[in-house]
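Some structures are shown below for you to check.
One chain, subunit A, links the two complexes that follow: it is found with subunit B in the first and with subunit C in the second.
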Partner chain A sequence: MPEIARRPALPAPGEPFPGVAVTLAPLPAAARFVLRGDLAAVAAAGNAFGVALPSRINTASTLGARSALMLGPDEWLLVADDTSAPDATWALVRALESALGTVPHSLVDVSHRQTAIRVEGHEAALTLNAAVPLDLCEEAFPVGMATRTICEKAEIVLWRTGPRAFRVEVWRSFAPYVMDLLSAVSQENVPD
Partner chain B sequence: MLLIRCPYCQTDRPELEFRYGGEAHVSRAQDPSSVPDAAWAEFLYMRTNPKGFHVERWRHTHGCGRFFNAVRHTVTDRFLATYRAGEPKPDLEALAREAAR
Partner chain C sequence: MTVSFRTASGGRIDRDRTIRFTFDGTAYRGHPGDTLASALLANGVRLMGRSFKYHRPRGVLAAGAEEPNALVSVDRGGGRWTPNLRATQVELHEGLVATSQNRWPSLSHDVGELNDVVPPGVFSAGFYYKTFMQPASAWANLYEPFIRRAAGLGQAPSQADPDHYTHRYAFCDVLVVGAGAAGLAAALAAAQAGARVILCDEQAECGGGLLGERDAVIDGVPASDWAASTLATLSGDKRVTLLPRTQCFGAYAQNFFGLVQRLTDHLPHPDPRMPRERLWKVRARQVVLATGAIERPLVFPENDRPGVMLAGAARAYVNRYGAKPGDRAVVFTACDSGYAAAHDLTAAGIVVSAIVDLRPGPDGPVAATARGAGLDVRSNAVVTGVEGRLGVRAAMVATIAGNGLVGPSERISCDLVLMAGGWTPAVHLHSQMRGKLRFDAEREMYVPAAPVEGSRSAGACNGTFGIAEALAEGFSAGADAARAAGREWSERDWSPVVSGEIVPDGGFHGAVPHDRDVQKVKAFVDFQNDVTEKDIRLAVREGFRSIEHVKRYTTNGMATDQGKTSNMNGLAIAAGSLGKPIPEVGLTTFRAPYTPVTFGAFAGHSRGDLFDPIRRTPTHDWARAQGAVFEDVGMWKRAWYIPRGGETMHAAVLRECRTVRETGGLFDASTLGKIEVVGPDAAEFLNRLYTNPWTKLETGRCRYGLMLNEAGFVMDDGVVGRLAPDRFHVTTTTGGAPRVLAHMEDYLQTEFPELRVWLTSTTEQWAVIAVQGPNARAVLQPLVADIDMAREAMPHMSVREGTICGVPARLFRVSFTGELGFEVNVPAEYGQAVWEAIWAESQKHGFCAYGTEAMHVLRAEKGYIIVGQETDGTVTPSDLGLDWAIGKAKPDFVGKRSLARPDMLKPDRKQLVGLLTVDPAVVLEEGAQITAEASPVKGTAALGHVTSAYESAALGRSIAMALVAGGRSRLGETLYVPMPNAAIAVTVVEPVFLDREGSRLDA
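The block that comes next holds the complex of A and B.
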């Protein structure tokens, strides 16, 4: 197989961008899959993936480094943050495919389609709300909620991982745009 | 900003997440080649275009991604109802009466 040099979409992980009251951090590479299917596919995939897939739309369930986000009535985004070892992603693909077997489903590897940014800090929701039109107060958007939405001109998946922490999943060609936008906002958001 | 209730997400979501999809309940003939030209032209081009309540398709593009149907007033932009694709067309007069109360 030819060697293909990968150009990172964002600065190296572990170099957080310090805003005024929010930190923006590009996250390390992860394995990601989009699963479409019915209840039988959901049960089989949950067993192989290690996290029961959520059954309530726009919610996420997490166990360790594995998370499943229900983004549509028959659509789940599976995120595995523990696949840095060589071939770990392929091992996961094989496990999912053998568990799903002949159950009708669609499983697409989107690991390299998107990248992730952690938005954390006292003003995380306020910073995101400069570009995201959803109500991000904790009553309307509680911890564990995850949904596709928009961030100005880019489509993102927004996932609240803590009261003051969000994970933004964004397609890699939009990632610098979203990062720059949120960085600019984070510099302006000076709390009184 | 206009808020639209997605019948799949079951929450009110900002209009920026949606795309309009034209009039709803316009069904394509099972066998188009047997349809006379006039009726085919009717299916392709003619729409009700009312000034008032209109039953139309919307897609929650930047959300759950699903198509659904909605009843919207074409002058005031008020949404009376949204419902899942495949469900029957609601009684518009009853909806309008209820909304007027």
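The block that comes next holds the complex of A and C.
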């Protein structure tokens, strides 16, 4: 049997641009699931996944390497940053399905559908705001907020993980576009 | 040239530093703080441009964004060429290279000026419409090229723009547009209330009119010092964003504003990383419009000669820029602000020979003060003309007699004539926000009637002209705006003490009376578009009543200028000719942008490779390494064909098709849309969305699904596999993926909310490798451990989950080629490695990789349709011969009712057929029309059109599919495809050319 290697959607980052107050970095592989269902499903899935699913829309809950983002009235994105191998991902699916049992729901593996980019630094929000039409000041978009939005011509999920840190989840074929666009923006924010 | 027109001292220029620049190739010197216009004036240069139509010599009229005359081109090198910049807005920097426009061979000797001496009336309003009507062909070949050369603005750049541009979305509680007295006060108040504030101003330095005041004192400090200290306060506030060099050019829905910020044009050696401009897309909870007012010219003969300028502009030049626009001035005024100019010019060492006041009795304190200062004030007087072609030499001044007659004129030598016709509030943004205007009859001006929700106007744009009043109004507006944006603050009033200003009062609209022959003189209304008083009167005489029609017929207020200095005068002249009061004639629409915005700013980063996302499949790099040629399918790059050893496309496609039929091939099908439909009601949901029945589809089996829209027309198709009783793997066309998901969600949320089913896009989760051909099973078998792929165990149209090369996979046995086929779905990041493994195995069987073109041919040989190629949004399942795909026992599905409409059942509907050319070597053109006769009478409707046409390697001849009226009843008939050379005879056949019984599929 031949060696089967993963090819991430984004290559490893190059040297960060000197003097630029933002870092853009592709994040390692992770297991991701879209969970759809009602409150009964939420409770069951939270126990199995390892972090209680948020019940307030556009918020994320994180415990260790497990995060759950509520993106719609019945939609959660589950992210397991500690899981990427097929066996482990499959085990997680089984654990979740087993916990959910007969509760009506939809659990779909989207680990490879999308990839993630970390945007971090003093100018993270400014950089994103070249392409993201949302108010990213901390009052309006606090740490822990996550939402589906656009990055110029690509759809993304934007998740604030820290005062100066964001995680962008983007479908794999759009990832180079988002990376190149944000990278172009990050390099132009030199002091006037 | 020596710098002879600098004031002795003062101004906001840095006299210690010198800047060298060129204008039309001549070297000049200026200072930091100068604009190109002020520096040229300081060098004694008055002639700065040629007019649009008549090529008349023109100087600078204004000192700001409203400048209509002094349009220049600036060359920043390396293809950075910008035409039509207003010299009043071009900041001087070391090495600036500017040239005048619309002249040949030079600015002072322009052959185009002959336009100006042709007989009166020849170039009057509507001239082009009247003269160049016939013949039609002459317009494109003769008139238009001639006019474009003779009349126009600067040259468009000839090279690609090497600069880059960027965008930024921004949000604030209070956006303040304009940083003059009212705007600064508004920003101050809003900032004190804790609001997030954006303050923008189009000029390099914030302060607006305060920067041009000589004597005004605000709360004990000079006006410009007050502006400086206020700006210092604001810039120290982290919640305030100060944006100089930033034009708010447009107001859009829900307090969305377009701002363009100039970042590098003023820098001699900008950091190449910096964008040239940034487009700000601002969403403001509240906006304070403090956009000021624009001074009106007075309309009198020869009012366009270089050296005739607005009085307020002259004040700005002497006070702010230390540049003297002349040595001897005549001030023609209908407003008290003309007196302020006279005082400031006198203080700067310019002789003011006369103040010519149009008003009957300027006997107020302003005139008295002027007389007291020894100035010659003439009331009830007019300027009737100007001597001097390339520059003013004298003004003709006359008195209006009691009977209204003018004259005789006295000649007063001067090199500068100022016009103070009163001030027009800049209501553009208010008006763009759909704000109503009110005509203030007493002051004869349009002012905002009531603020638009979320906005306030303050200061001169609101008709509030005094500095003290503007400060107070601005402060109050800023405080109110902050409160309306949710900031708690009680203080709202501020009554600054202002002294030393002359508040503008008075004004005039329309053409002033004179004693000249009206047929022989030109009194300009719109300087940029060369519209004179006569043109507007002529338009009214010729029957134009609406001001919008007058505008278009005369071009008054058109183009980049948008009538900033001309609208009100033009309106007043039209109203006078119509014998109506101004408000009854109306007002033209204020359109965005307020000043021109570069295409680059709008494009931002959306150019080149970032114009659109370029979507690549997981195996793109492998295909590229193999030399694949890609085609664009939506945003995707798909391998079109993969030539070997210098093959042509034709040869490559024939080889790929032949190889697939003989042994097999690999095809990248990753772009197919995929939707995971999951939930207890998943089958019922599909029953309603697709024509086919799904309830009885067994787990592990697939079915071809056909999707209609509500009108009954085919909108998409694809194979659907059942993975579990409550889980389906739905595929869609590549281009239809987002549309189909949206269609499904729409019905699920609005029509079938009771169904417990959820949709998740998995298009990008899976890399899809199609393995097609007689040896497909032999290639895959060694790589699959846990799926029984035997013919009976895994029949055509089945799906299994298992592992391939040790990677979790969904294996479909499906075919779009008519051959034994499988589609391997593996998680995307394993896609290329699995592809390479299958490829290596397939080479033992002589497989090829084939592209989308071969895929098209192979499916056409089998008569498989492609939605979007065989369909065009007006095609039913029956038209395609797909009645078998309709679940007739189902109570309903989307589009079912429409299929029963009489029109859908007509026998002469266009139906899918095959076409075989009588000459097998001829390949039809897709899209070609089909007729019953070889040479139909002109006007005969076509029977249909060719939807697909290829050369088939398997059949050794051309094949085609077509939609033909009543096609299925025409089998065997000969029809024709008329082409430019001759009609091509074709025979109508069944649209399946190969293996009609499907035995190859079952292999």
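As a convention for this text, the second predicted complex is superposed on the first by the 173 of 192 C-alpha atoms of A that agree within 3 Å, B and C clash if a C-alpha of one lies under 4 Å from a C-alpha of the other, contacts with A are read in each partner's own complex, and residues count from 1 in each chain.
Going forward, contacts are C-beta pairs under 8 Å (C-beta built on N, C-alpha and C of every residue); 3 or more make two chains touch, one makes a residue touch a chain.
None of these values were measured; they are calculated from a predicted model.
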| item | value |
| --- | --- |
| Subunit B versus subunit C as contact partner of A:Pro133, first or second or both or neither | both |
| Partner chain in contact with A:Pro73 - subunit B first, subunit C second, else both or neither | first |
| Which of subunit B and subunit C A:Ser173 touches, first, second, both or neither | second |
| Subunit A: partner with more touched residues, subunit B or subunit C | C |
| Which of subunit B and subunit C A:Gln114 touches, first, second, both or neither | second |
| Partner chain in contact with A:Thr147 - subunit B first, subunit C second, else both or neither | first |
| Partner chain(s) touched by A:Pro86 [first = subunit B, second = subunit C, both, neither] | second |
| Partner chain(s) touched by A:Arg7 [first = subunit B, second = subunit C, both, neither] | second |
| Touching partner for A:Ile57 - first (subunit B), second (subunit C), both, neither | first |
| Intersection of subunit A interface sets (partners subunit B, subunit C) | 133-134 |
| Residues on subunit B engaged by subunit A in the complex (per definition of touch) | 1, 8-11, 13-14, 16-17, 62-66 |
| In the complex, subunit C residues that touch subunit A | 164, 166-171, 196, 263, 271, 273-275, 281, 283, 604-606, 609-610, 612-618, 621, 635-636, 676, 678-680, 756-758, 760-766, 783, 805-808, 827-834, 836-837, 840 |
| For the subunit A and subunit B complex, residues of the former touching the latter | 57-58, 71-73, 75, 133-134, 147-150, 155 |
| Residues of subunit A defined as touching subunit C within the complex | 1-9, 29, 34, 36-37, 74, 86, 90, 104-114, 126, 129-135, 137, 140, 152-154, 171-174, 176-178, 180-181, 184-185, 187-188, 190, 192 |
